[in-house]
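What follows is chain A paired twice: with chain B in the first complex and chain C in the second.
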Partner chain A sequence: MPPRTLETLTLASVSDIVIARQRARHWAIEMKFSLVEQTKIVTAASELARNTVEHGGGGTMVISTDGNRIRQALKLTFEDKGLGIADVEQAMRDGFTTSGGMGLGLGGSKRLMNQFEIDSRLGQGTRVTVTRWK
Partner chain B sequence: MGVFLIVTIQVDMHDQLAMKLQDDLTSAIAKSESRGVLIDISSLEIVDSFIGRMLANIAAMSRVLDAHTVLVGMQPAVAITLVELGMSLPGVRTALNVESGMALLHSLSDHPKESEEDASSDT
Partner chain C sequence: MSKLAEIFEKYQADIITDWIKEMSAANRRKDLMSESELKLQTNELLHAITDASKNGNSSDINAPHWAPVREMITSISSSRAKQGFTPTETASFVFSLKQPISNRIRKEFGKDPDALFEELSASNFLIDNLGLYSADAYVKTREQIIVRQQEEMLELSTPVVKLWDGILALPLIGTLDSARTQVVMESLLRTIVETNSQIAIIDITGVPTVDTKVAQHLLKTVTAARLMGAECIISGIRPQIAQTIVHLGINLTDIITKSKMSDAFALALQRTGKTVVKRMQPLIPSTNSGAVS
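Let's turn to the complex of A and B:
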């Protein structure tokens, strides 16, 4: 099974976070992830979509699949053209927040998924990719 | 007074709706002089850090207003995810279902004066 894009969503407002959750759930069910795995994927999607909307000034979420005949993965990519993160290491730490939230978004989603990649450039934007394997 | 408020969250809430619930509920506690709030989240399919923070805030605010909050009905998958996310909801009391949640609220707000209306089911 070659990598395949399933859906691209625009994340502009807080109501798009709800849609991001629903679409992540849809594809997680489609790929027959267990209920606990679905819940983890949807929760990570919610956290990262909120980051894109609140900190990145909006952006996109791309839902895709990856893997081979034996193992499949659901991949979520969040991209914004916001200010970027000055100190990624600090931003990953639990409890670090610039918005008065819990500061669990990045670190928490990393724990909920199997793979986590972040690429942030000051003044250019941020891309976060998370993957959950079956 | 011994009034308890019961809230059932039935929809996938966006962030502003969650904030509104927090504000409305806090006002309702003060207005009705409630001694306890029971929040049923059995229909919630996820609790992310935003909803988690809202629930913790409601518990903290109700405490300041001399009321107790009990969260009931959390789905096991939600509980697993919430802990892994890093939220253990400190300060929020939980019960498995509405019935045991009500029993907990009664025991928490039991003041030694005349016992209230309940002689109902214990769990």
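Let's turn to the complex of A and C:
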């Protein structure tokens, strides 16, 4: 099965995070993920969408599929044109926060999903891609 | 005095008659507004427009001498938004004034194409601007209605219930965004004081997603309650939520959690020194009544 884009969402305000969660849940159900997997995907989507809105100054979330004949995957890509992350390694560490949060968003999302890629450039923006295999 | 103002003055009665006719042809909502009410509004608005165009030029409706017209359009549009008119119906109130005015201009300047064109474009420009202004006013009112409903929902969705003497329950439902959580936290803390409760059960069965933000809000509420001398129990943690919390790395070990609210209530009774016992001989046979001593 070739990669296919299912939906692109704009993330501008806090209410868009709610929509991002709902759409992530919708596609996770559509792809017949189990309840636990659905919840993990939705929670990761919530964390990363909040990062895009609060730290990236808004951006987009792309929901797509990936995989082969045997296994399928749901892929979420978050992209913003914000300030970027100065030290990605530090940002990934549990407990590190710049906003008074718990500092578990990035690390937690990585643990909730199977694959996690982050590409951040200072002054240009950040792209986070997470994948969950079935 | 501009030529447009002269026309308004001269043909006032005719324009109003045509205007109302135009509106009933388009989409007048007889179910929402009576004939006499409509007549009153058209009369007032046309008078205001006439006065304003007499006092200065009509190319800028944001000028001070157009203030009475703007106010009137705002009040008409917002009352229509509240009454349930569609945006098209609201804007067409103003736009249907275009044809009657154009007809009079034609009557007056029909033989002079230059003057005809000039006055027509001036009147079109004016009516378009007033129409847009009314659409803006309509949207603004609708936004106010939405904000008010959101506020009402904030109030509605956070009931703190008393389960027993000294035991409160807070069933949370839906998305816990920060505005709502703030209200929840305040109303819980307030009720703890008012009822002098020792235990509060926060039930999250109705919360679809528990992410770090939600968890942080819960932790803060629990800590604040603890400072006030009350203990919180979080119930309604479903298996998938439990697994997600573990993966996220959220530490809830300091907090008493239960999967079911009934378990939380049983623990709360125990903590407050109460036990539920079954009577040996039921007072009313066939019903399974319990009593708390």
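Note that in this section the second predicted complex is superposed on the first by the 134 of 134 C-alpha atoms of A that agree within 3 Å, B and C clash if a C-alpha of one lies under 4 Å from a C-alpha of the other, contacts with A are read in each partner's own complex, and residues count from 1 in each chain.
Definition applied: contacts are C-beta pairs under 8 Å (C-beta built on N, C-alpha and C of every residue); 3 or more make two chains touch, one makes a residue touch a chain.
Treat the numbers as computed from the prediction; the structure is a model and nothing was measured.
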Partner chain in contact with A:A12 - chain B first, chain C second, else both or neither: neither
Which superposed partner A:E47 touches (first chain B, second chain C, both, neither): both
Which superposed partner A:I29 touches (first chain B, second chain C, both, neither): neither
Touching partner for A:G101 - first (chain B), second (chain C), both, neither: both
Contacts of A:V88 with chain B and chain C, given as first, second, both or neither: neither
Residues of chain A contacting chain B in one complex and chain C in the other: 14-15, 18, 21, 25, 35-36, 38-40, 42-43, 46-47, 50, 94, 101-102, 104-105, 107-108, 111-112
List of chain B residues in touch with chain A within their complex: 12-16, 45-50, 52-53, 75-78, 80-82, 84-87
Residues of chain A defined as touching chain B within the complex: 14-15, 17-18, 21-22, 25, 35-36, 38-40, 42-43, 46-47, 50, 94, 101-102, 104-105, 107-109, 111-112
Chain A-facing residues of chain C, complex: 175, 177-178, 208-213, 215-216, 239-241, 243-244, 247-250
Chain A residues within the chain C interface of the complex: 14-15, 18, 21, 25, 35-36, 38-40, 42-43, 46-47, 50, 94, 101-102, 104-105, 107-108, 111-112
